[in-house]
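The structures considered in this document are given below.
What follows is a pair of complexes built around chain A, which joins chain B in one and chain C in the other.
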Partner chain A sequence: MTAIQESIQKRAAELLESGEVTQVIAWTNGRFTNQTSPLFIQNAADAGKIVFNEYCVNTLAKYVLNEKIAGKVGVCVRGCEARGINRMIADNQLKREEVYLLGIPCEGMKDRETGEALDKCLTCTHKNPVVYDELLGAEVTDTVSEEIDKVRFAQIEAIEGMSREERLEYFNNVFNSCIRCYACREVCPVCTCRECFVDQLRAGWQGKQNNLNENRFYNLIRVFHIGDRCVECGECARACPMGLPLMELNRKWIRDLDELFAAGEEGLSDELDNTLGRYKTDDIEEFM
Partner chain B sequence: MSVVNDTQAAASTGTETFEPKILAFACHWCTYSGADLAGLNRMSYPANVRVLRVPCSGRVNPQYILTALNKGVDGVLVCGCHPGDCHYVSGNYYAKRRLMAFRRMLQYTGLEPERFQVRWISGSEAGKFRDTVTSVVEQVRELGPYKPDPALAALIDSSVDASNPVLPEGGEA
Partner chain C sequence: MLLKKERLNDILTDMAKQARVYVPVSPDANDGGGVGKSGKAKMTRFELYSPGTAPNFDLVNTTMPPKDMLFPQTQKMYRYGFDTEGNAYIDIIHDSDEVVIFGMRSCDARSIECMDDVFLSMGYDDEFYKQRREKLATVAIGCASVAETCFCDSMGLDPNAAPGADVQLSPGVDGQSYVVVAQSEKGQALVASWQPYLEDSTAETTQVSCALKVNGDGLKDKLEQMFDHPIWEQLSKKCLTCGTCTYVCPTCHCFDISQENKMKDGERFRCWDSCMFSAYSEMAGNHNPRPTKMPRVRQRFMHKLCFFEDRYGKTLCVGCGRCVEKCPVALDITMLIDDIQAADLSKAEEVA
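What follows is the complex of A and B.
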């Protein structure tokens, strides 16, 4: 960790000094113990502020979109960030040459309050960045995919095992707790629409009231819009101030699409290949 | 016409059986013609269904389906051309993938599978249109009215659409 932190600081200073990038996005210490927050530096002198420890919970990928206007951005990428960057390139939000990727192998992060591994890191399938310009530190080994799939889809299977009434009650509770702050949308590297459907007031898709109907509408349509592109960074569930299990909705799509159309994992390359954006004439048929 | 009057009469007295409202999205090139043919052949099917013509089944956004359910429809039926017959070549293939996954999602979050169904009905299949509509209406009638938000339904009269007020043209509300 310390070695990685030092190499990030060193490389960030060099990149800023040489003018190769105008800005570096990393992490720094937050206000409280074991808390970090994203850091944006423009001067090589500030490189010492960079921190990398086991509490770097923020996934930085989405920040690049706002920051790239000023020039090339250097950004630290772990597995989750790298897949988000790939996804944004595939979605035409970003060009590969607009970012300089400092790859960091990551063993998983911890929750600040409990000190235990983060939920999103327990189900991580790619601990090493899938795309980078240089790798700082030695690669770590990923958990075997069968084992991780058991953990990834354990909750989905538990919910599918419930009766319909139980599932309805379970999700009604989830949707009732939603305060529609749209934090899940803001942090998502896949939610990149300039104007989101919830902001189209005149079209009136999304009512402004906070009730079960509107919350269900928001959550189901959000997950429909991102379901076939989700890179499973788990930021939506981490950012949710109400602690809603949003990945249980995302993963349902991921698994269904994988079972029905062999979708596979997203964000592993920067080619555009959405499962719901293509079709095969011999797709499985159930509407006859 | 008489069915409509009967329904209204039943609703006012509140003694008769529940009459579901079904919204059917019908593709212009196949299902809508099929429904037309059913009419030409003097076939009878329940008047509970409201047919909404869309250019293609691929035009049916899942937002329409959820909005319809939220606004007081008891069941939604989406119909289009058989795969391979789409007027726009591929619209129904996209619709198929999308709606298969969306249907699983709705069931996962607790919707009865009968309330949202998809069928391919061609322009010559008047009988299939009649049979499909009849079976959907019967299934939803069994289930009873759809109550998306029990708390909200009790709070306001269900005939008032307070959940989504329409903005006046030309200015913000």
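What follows is the complex of A and C.
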């Protein structure tokens, strides 16, 4: 880790110095022990502020969208960031040449409260970045996917095992607790609409009241909209201040799309290949 | 007067017969909450007490502040429409329930003083707020411990005493009892109703102070000169402009008014809004004076630490640490205060 931290610092300084990038996005220490926070540096002299340790819980991909306007942006990418970057390129939000990707193999991050593996990292299927300009460190071995799938879909199976009434009650309680802060949307590399349906006030899709109906509507539409594009970075669930199990909703889609259409994982390349949001003249569906 | 902890449920049950009593709880997994791997509740909040509710008075402070009881996330204001005769009507919706918030912390009590300033001073009373406020009694419990994110004593508060609350309970060092002091007329009435459960004695009470300290001195004066300082651009980069900090904050009080119509009837309501949202500052004709995150972040912190103090003589941050704990990107107001204190004012002039 320290070796990777040193390499990031060194390369960030060089890239900024040479003018190859105008900014580097990485992590730095937060106020508390084992806490980090996203860092944005524009000067090589600040490269020493960069930190990389097992508490770098923030996935940085989404920031690139805001920062790319000022020139090429250097950003640290692990598996989750890299897939987010691919996603945004595929969705036409970003061009590959607008970013310089500092690849980082990642053994998984820890929750600062417990010191144990972060939830989202327990289900990570790509610890090495799937796209990068240079790799800072030796590749790590991915956990066998069958093993991960047990964890990845365990909760879906538990929910599918509930009776209809139990399931309704379960999700009603989840949605009732949502405060509609939209952190889950803001942090998501798939939620890149210039204007979210939530904010189309004149159309009025999303009512402003906080109640079960509106909250359920928001959460279900969110998951419909990211449905076939989610890169499973787990940021939505990590960001949710109410600790709501958002990955369960996402994964129900993911699993259904896998079973019905062999959709596979998203964000592995920057080609647009959505299962649902794609038009193909040779689609086997007759009505197409 | 001394209140033994084992008597708490009797008091709550008694009060719940007369009023809606809200207590801090850790909802379980079946209720949208649950316990994280650390053994700590994922999310805690004030909930309506009924016999059987398990209040948790050991939470340092709740994830969600008690402001919802006074200034609900969604408050229906009036119904309107046409009756069967075709005449237009408007029916104001009144809240008439007595409410007791039992077990708030010093930060929460101070936050109500801030909201009182907003809704009940400067020559205008907000009648929806006023109605609820008049029916509200507050019982504060001194903090027997503090969280790493608590910094209220740097913001001029005392975790051991909440002068704005109607009743103050101070935890005894033995951990078994509270010393009870009524601090207002409402408080005296409440304490009088608890008489059967109180003991006429006293105890030594806990004294805590926050581990996290910030320097709040002269913040307002410095910030007044920093509206155009380049620091905001840098500080705001990591912000997601979500509504987390606003909604977990006990003092954030901005709202939006909207309505829903069905056939010939409609309801007008107000609901929490956040200065972090783009739609918050959007005007008719699509003009948005705060189009990007920098001015929004600046607004949030300027309002907390400068504008409010200018208008009402106190900061709008009570140091509860909720946003510090919950911000998904660790944009920490205490670090921001450090950065402001360290900022070089000559830079503001260069830009201005």
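The criterion applied here is as follows: the second predicted complex is superposed on the first by the 277 of 288 C-alpha atoms of A that agree within 3 Å, B and C clash if a C-alpha of one lies under 4 Å from a C-alpha of the other, contacts with A are read in each partner's own complex, and residues count from 1 in each chain.
To be clear about the criterion, contacts are C-beta pairs under 8 Å (C-beta built on N, C-alpha and C of every residue); 3 or more make two chains touch, one makes a residue touch a chain.
Predicted, not measured: the structure shown is a model, and the values here were computed from it.
Asker: Could you look at A:L268 and tell me whether it touches chain B, chain C, both or neither (first, second, both, neither)?
Answerer: It touches nothing on chain B or chain C.
Asker: First (chain B), second (chain C), both or neither: which does A:L201 touch?
Answerer: A:L201 sits against chain B and chain C alike.
Asker: Check the residue A:L135 against both partner chains and state whether it touches chain B (first), chain C (second), both, or neither.
Answerer: After superposing on A, A:L135 lies clear of both chain B and chain C.
Asker: Based on the superposed arrangement, let me know which partner A:N211 touches: chain B (first), chain C (second), both, or neither?
Answerer: both
Asker: Applying the touch criterion given at the start, work out whether A:E67 contacts chain B, chain C, both or neither, answering first, second, both or neither.
Answerer: A:E67 contacts chain C only, not chain B.
Asker: For A:L168, using the defined touch cut-off, is the partner it touches chain B, chain C, both, or neither? Pick first, second, both or neither.
Answerer: first
Asker: Which partner does A:C193 contact after superposing on A: first (chain B), second (chain C), both, neither?
Answerer: After superposing on A, A:C193 lies clear of both chain B and chain C.
Asker: Could you say whether A:A44 touches chain B, chain C, both of them, or neither, answering first, second, both or neither?
Answerer: In the superposed model, A:A44 contacts neither chain B nor chain C.
Asker: Given the touch rule stated above, what does A:G243 touch, chain B (first), chain C (second), both, or neither?
Answerer: In the superposition, A:G243 touches chain C alone.
Asker: Same chain A residues contacting chain B and chain C, which ones?
Answerer: The overlap between the chain B and chain C interfaces on chain A comprises residues 169-170, 201, 207, 209, 211.
Asker: Where on chain A does chain C make contact in their complex?
Answerer: Checking each residue of chain A against chain C gives 30-32, 35-40, 58, 62-63, 66-67, 111, 113-114, 116, 169-170, 173-177, 179-183, 185-187, 199, 201, 207-211, 235, 238-239, 241-244.
Asker: Can you list the residues on chain B that touch chain A in the complex?
Answerer: 62-63, 66-67, 70, 83-84, 90, 93-94, 96-102, 104-112, 118-120, 148-149, 151-152, 163-167, 172
Asker: Show which residues of chain A lie in contact with chain B when the two form their complex.
Answerer: For this pair, the touching residues of chain A are 159-160, 164-165, 167-172, 197, 201-202, 204-205, 207, 209, 211-214, 216-217, 220-221, 223-224, 227-228, 249, 252-253, 256-257, 260-261, 275-277, 279-281, 283-288.
Asker: So in the complex, which bits of chain C are touching chain A?
Answerer: Against chain A, chain C makes touches at 27, 30-34, 36-38, 40, 42-43, 63-64, 73-74, 148-149, 212, 234, 237-238, 240-244, 246-248, 256, 258, 260, 269, 271-272, 274, 277-279, 282, 293, 324, 326, 328-332, 334-335.
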